[in-house]
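You will see chain A twice below: alongside chain B first, and alongside chain C after that.
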Partner chain A sequence: MAFYVVQFLTGLASAASLFLVASGLSIIFGVTRIVNFAHGAFYMIGAYIAFTLTERLSGAFGFWGSIVLAALAVALIGVIVEMVLLRRIYHAPELFQLLATFGLTLMVEDLVVLIWGPDDLVGRRAPGFKGAIDFFGQNIPSYDLFLIVLGPVVLGILWLLFQRTRWGVLVRAATQDRDMVAALGVNQKWLFTSVFAVGVFLAALGGALQIPRDAVHHAMDLRIIVEVFVVVVIGGLGSIVGAFVAAVLVSELNAFGILIFPKISIILVFLVMAVVLIVRPWGLFGKPEAAARKTPGLTVNPWRPLTSNERLAALAALVVAATLPLFAGNYALTVGSEIAVFVIFAVSLHFLMSVGGLASFGHAAYFGLGAYGIAFLAKMAGLPMIVCLLLGPLLGCMGAAVFGFFAVQLSGVYFAMLTLAFAQIVWSIAFQWVSVTGGDNGILGLWPSSWAASPSHFYWLALGVAALVTIALRAMVFSPFGYALRATRDSLLRSEAIGIDAKRIQWTAFVIAGTTAGIGGALFAYLKGSVFPDNLGISLSVDALVMVLLGGVETVSGAVIGAIVYKALNIWLVSQTDLSKLVLGGFIVLIVVVFPKGIVGMLEMLVQRRRKSSPPGSPLLAKPIESAE
Partner chain B sequence: MKLTVQDLNSHYGPAHILFDIGFEVGEGEVVALLGRNGAGKSTTFRSIVGLVAQCSGRIMFEGKDVSARPTHEIVREGLGYVPEERRIFTDLTVEENLEVGRQPKRPNAPHWTREKLFALFPNLGEMKNRPGGRMSGGEQQMLTIARTLMGNPSLVLLDEPSEGLSPKIVEQMVEAILTMKKEGVSIVVSEQNLHFARLISDRAYIIERGRICFGGTMAELDARPDIRDAHLSL
Partner chain C sequence: MRARNYFVGAAFALLAGGMAHSALAQDIKIGEINSYSLLPAFTEPYRKGWQLAVEEINAAGGINGKKLVVISKDDGGKPADAQTAANELVSSEGVAMLAGTFLSNIGLAVSDFANQKKVFFLAAEPLTDAITWSKGNKYTFRLRPSNYMQAAMLVEAASKLPAKRWATIAPNYEYGQSAVAVFKKLMSAKRPDIQWVDEQWPPQGKIDAGPVVQAVAAANPEAILNVTFGADLVKLVREGNTRGLFKGREVVSFLTGEPEYLDPLKDETPEGWIVTGYPWYSIKTPEHDAFLKAYQAKYNDYPRLGSIVGYQTIKSAAAILAKAGSTDPEKLIAAAEGLSMPSPFGEITFRKIDHQSTLGAFVGKTALKDGKGVMVDSSYKKGADYLPSDAEVAKLRPKD
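This part shows the complex of A and B:
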């Protein structure tokens, strides 16, 4: 019995940091409507800076002073980020904001290694809380008890801040209607900056407080951000009380899940999240979001089928691509095959996010499931390649069917966060369930049958599949299903009012996109000859998003061109520098700020501008909040 | 002049909404902006306070050009705005709603306190701690005006204050607007309801399809039944 009590208390102690970070994310989202992906990065920097400061400053005052000082320093960094970067993109679609803050995260991951090195750092114990308390033969670290008390205290302080100060009243008002707050004479800019600073302060404090419990390392950002997303989805985005309750819930599920499913404890959290989403899609303490402001705004020009000239051009490009084996060497062909695989992947995501208006942040899950499908079929069942290629993607299809069912219950940022959380869950299973998936070592030795073994044959295979997939998905845009899907994207309410079963259409689109990604993953497994958890990791999901955004969300050709440019650039970059994440992150931030319409969008704009003298501002860029009316 | 609007043009995306709007408001004057649904009354107000991204023209408030300034700065100059949709903060109590509107005293404008506003709108005083979301339409309309007055404006843009209100509340509204005028607040009130406008206004402009097509005193408007019938639905 005592053991369970201790386990419960450990859970409560973990909840403290989780609550701090989640409440910060919630506060920032409430006012700025930005889901700050970089929140995990701020948490991590908080821990690193606190580590350095506690090493330098001695004594009890030095330790606690360091913790607070670290959080303040990171809050200052947050203010700079807000003023330099976020202020430029408040009016951009949500997706771009998530992406920009993700770019920041990538940069921070490399910077942290540059400054503090790649090794885990073990910090000082907290003065006054070094020992443990004996509880019927079980030890409870006294620092844990401190954290258990701290959580409710912070909750109380935040409550007072929001209920009893003018700043709090303004923040709550801005959460509901920021334009009206401005129309009453409040300077939104500084309100946003101060809110961001408070949110980042909480995240950094959460990180700094972890150092007596856990080693500081450069992957702690992604680990916390996924948990935080789960917490705010369960608790309700924008609710601080919700963040607290959900943080406790998730931490306890983790603490006891380890006892029940030691290998795949994360399943339990997932199940709870699924139940919450079915019963209350906006979270336990959240409020249903008015359906008005959503992802659309991405597509401004209506789509049209290709003209015959454009078809010829596409065919010509395909023919040229098919001649590559005639003059290129094996390395170039392997790179070519990889690019073709990523074209499949990017096109599948493009279908979901541009045609369906559902921006998935975890699309790699279905790519990776397709790859693992191949591994299971080929290694365990020993099936021939052609059968594997036909059946392997079904694993992606099944994953998409299960997760998609829940995901399409939500929209906008909730959808993005949920898909990300699902992908991370799949990744955790692949990583933790060593007996089935091989864990970090992956599954090796998947080689194509002899008919596809030579690089040129494999290249033709990949190219052919990529072409077929692209044509099929593009044809689907102009099918009755495509019309219905685009209707649900443009207005969920109106499409339902004319008899479209919107959720079902979106679910179908999700499954189609997932299956297609699975096809890409299946080919990828054969191309690499192996499968690793990274094949379904977050960075791959984001790669896909960047490809689509880089090329331009508004056209299918954008996804294709984005995949080619990005993948080629990426392969080249990795061969050139160790700091590829830093460069890539900076690149993503740059795209979002400077080229929000992507390569193809830019080209089209140039062409249009030549046709007629430029219209007064692009409608996408000049689309502020006024569309509410 | 308190407020001068010249050559105001506004667009929503590709749509041109306002065409060379111009009008003036004198010190302490109540001016009505009359027009049908969709004529451009609300867009005119939104453009003046800087809530329309694509707009051009000159807006002089108390001798200063405010046309290029951000919304909050314009409002802080003493130009209050009461939106048509009321836009009460539904999660905030009556008192908290007023707090959001609070700004420092201004030398050239009447100073409003909570007590004074609760005297002006007695209903609000009885529900200080009620969330804005649980008030009737009429109460919300009073709150949105009181909230703007907390900023101690010297001029208020009132967008359709009588819309959707019961006759009894409309009467109270007339009283309140006349009190504001007596205190020295200049007012521009947009209206579809000529009877309501007549009770409070010194002068009127008529706006139709984004253009001003009449400007004059109420008596001058009454002398031109043709204009009245052509541009206002009665």
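This part shows the complex of A and C:
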């Protein structure tokens, strides 16, 4: 019995650490709607700074002072980031801020290694909390007890802050309806900055408090960021109590789960999230998101098919790309094939995100399923390459059909997180089912048949498929189906009022996007000659998001450019510099500031402006474009 | 869409620019790949190690009079990116051979690439048994003692312990799984009286150490096998120390004696664990002294195991290239099979039968000295003594 009590308390201690970080994320999201990918980075910087300070300052006061000081210092960094970077892009399309915070995260990962060195750092134990307390023969670390108390204390302080201060009232109001708060004359700028500072402070405090029990190292951020996101979503976005309950739920399920299934940890949080979101679409304590007040058609330029001149230009670009094998070497061709594959992947996500308004955080699942489809067909059934290429993506299609059915019942960030949960479940199956998938050692030896084996042939194949896919998806955008899908994106209510079966349309779009991603994955498997669980992983899903956002989420085919720029740059930087993450992250941040509508979105806007100044422009496009906010 | 043309052009112009390299045509180039950005704690000393080797080789006149150049790439910890890097090295840099890699899945991905493109590959670090056995191929050689060899070395010591009830803690991925599987198999063969009472599989890099320690303690084992390393090990040790998990229990642990993993533990180093590792401070052989002196003179830092691996990888590559007198992969294979050479740990041989080197490892016990973790009572175990019989190996490895 004593054992179960201690295990429960241990779970509570884990929950407290998780809650500190998650509460900050929840507050930031609730008010600013920023999906703060850099939250983990702030957590990590908090730990690093606290490590440095605790090594310098001695004594109990020195230790605890260092923890608070570190959190304050990082909060200050957060304020600077918010004022210099994020303020510029609050009006950018949804999720664009994710790109900025992703860029920051990349930079921080290289920076901490530059500043603090590559070794794992082990900090001091907390003065007064070094030992353990005997509980009927079981040991409970006193630091765990400290954390168990700290969690509810922080919850209480936050509750008081939100319920009893004017600032808290404003934060709650903004969480519910920030446009209304702005309309009532509240200075949003400072409200957002202060909220961001509080959120970052909590993240850094969470990091700093890990010093006595963890090692400080450069991968801490990724270890925690996904998990806290899941906790926030399970609890319900913007709900502090929800975050607390979710943290306890997840930690306790893990603490007791490993007694029965020792391998459960790897997937547990995602399983819980999938179940919670299917049963309660807005998390445990969340409320349905208020309908966005944007007026469709005003924020986005009306889409139109390419003019004949533009078609010719696109064709010319394709022809130029097709002549690459005449002058480029094998390496350039292989890189070209890889870029073409990622163009397919990016346009498939772009179709779902831009046309359908459904941002998936787990799109790599369908890419990876396509790749595993090839692996199963080629290695187990021994089918020839052409048959595999035709049938392999069907696995992506099936996955999308099943998961999409559940996912399209939700919207916004909840949709995104459910897709993430499904992707992680698929990933963990690929990772764990060693006898079938080979686990993380993957499936090797999937090289293309001789007709496609040479780099130039494979390049033409990949380029041809990429072009076909892009054209097909574009054609779909301007088909009746595409119009219906765009209607569900712009206004769910109005589209249903005119008789569009929104869920069915969205589901269809999900399956189309998943199948297309599967085609990309299938080609990728042959390009690399192997399949690994990585092909389904979070980092690949994030890559796809970055490509779409970089190209411009409000454009028809911006993802093509986004994929080319991001992938080419990534491959080149990794090859040329040891600090590729720092440079790439810096580049992304720069793009975010200079091109707040994405590269293609910005180019389109420039073209628009030029048309406006010249009289013969079309009257529709010449209309002044205003933000609805 | 018009911009597409420009960007494709720009992208390839950048790539083409990157291809121009300072190396001269008559230089011998080795393409090296490792997870520099993902695992800097291991790869930074590793890089220093191979840089020292390159310097020594060129100072001694290069390879048959030609200068040795190592072109190094980062794989970011992703198999797909490792293949991109391998392709760049082979197709546009024209390297004579590939070398390096840390993670097992990346080692396998590059080894499969090498097999497909018929390129010589010297795997430095990946420990998986598959790379030389079940998924072995004729183009791939491996330097470090494999999972099996390290398990066999630990079993030799562990089987002498009186403990009968054993629990295991290992990261939940291929390395952890196969380390536990081999250890259990060899251990149970030597000691049929042993019971395996619990196993814990925390996700790699994400151990929630409190509940894991508690769960192991609840099974009340007499001895524990640990396979976690890096930050996971730190958390496990800290929780285990506070909760008294290791008190009165024997612990056998993979890799923990390597400075990369032992040094961060500082004064929290648990004492008396039986570990594999690298006690650079207590190795007294002329070969190692020479290496240690050169390393400390160049970097003003002590070597980690990664330094040895990096150093010996390039030294081995150079020895193979020198003997082959050619960069033809078939000749390189012929030269490498059965080739013996000196190393800081004494003479090693690349076996013909499975392309595994006989580099060994040190087995000893952890101890605390002046607030730092050290390995004591350590002895060098020759790799050759801990491999299965040739008949067994032949069964494990597919025919070329």
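Keep this in mind: the second predicted complex is superposed on the first by the 495 of 629 C-alpha atoms of A that agree within 3 Å, B and C clash if a C-alpha of one lies under 4 Å from a C-alpha of the other, contacts with A are read in each partner's own complex, and residues count from 1 in each chain.
What we mean here is this: a residue touches a chain if its C-beta (ideal position, glycine included) is under 8 Å from a C-beta of that chain, and two chains touch if they have at least 3 such contacts.
Bear in mind the structure is a predicted one, so any value in this text is a computation, not a measurement.
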Which superposed partner A:Q176 touches (first chain B, second chain C, both, neither): first
Partner chain in contact with A:P305 - chain B first, chain C second, else both or neither: neither
Which superposed partner A:G128 touches (first chain B, second chain C, both, neither): neither
First, second, both or neither for A:G464, with chain B first and chain C second: neither
Touched partner set for A:A219, first chain B, second chain C, both or neither: second
Partner chain(s) touched by A:L184 [first = chain B, second = chain C, both, neither]: first
More chain A residues in contact - chain B or chain C: C
First (chain B), second (chain C), both or neither touched by A:P384: neither
Which of chain B and chain C A:R166 touches, first, second, both or neither: first
First, second, both or neither for A:I258, with chain B first and chain C second: second
Overlap of the chain B and chain C footprints on chain A, listed as residue numbers: none
Chain C partner contacts - residues on chain A that touch it in the complex: 3, 6-7, 10-11, 13-14, 109-110, 113, 118-122, 130-132, 138-141, 143-144, 212-215, 217-220, 223, 227, 251, 254-255, 258-259, 262-263, 265-266, 306, 310, 313-314, 316-317, 320-321, 324, 328-332, 334-336, 338-339, 431-432, 434, 439-442, 444-445, 447, 455, 524, 528-530, 532, 534-535, 539, 557, 560-561, 564-565, 568-569, 571-572, 574-576, 578, 580-581, 599-600, 603
Complex contact set, residues of chain A against chain B: 166, 169-170, 172-173, 175-177, 179-188, 615-617, 619, 622-624, 626
Complex contacts: residues of chain B adjacent to chain A: 11-14, 46, 49, 51-54, 70-73, 75-76, 81, 83, 87, 89-92, 96-97, 99-103, 147-148, 151
Contact set on chain C toward chain A in their complex: 1-5, 7-12, 14-16, 18-19, 36-38, 40-41, 43-44, 73-74, 76, 78-81, 83-85, 87-88, 91-92, 104-105, 108-109, 112-113, 115-116, 128, 130, 135, 172-174, 177, 198-203, 205-206, 208-212, 214-215, 217-218, 230-231, 234-235, 238-239, 242-244, 260, 263-266, 268
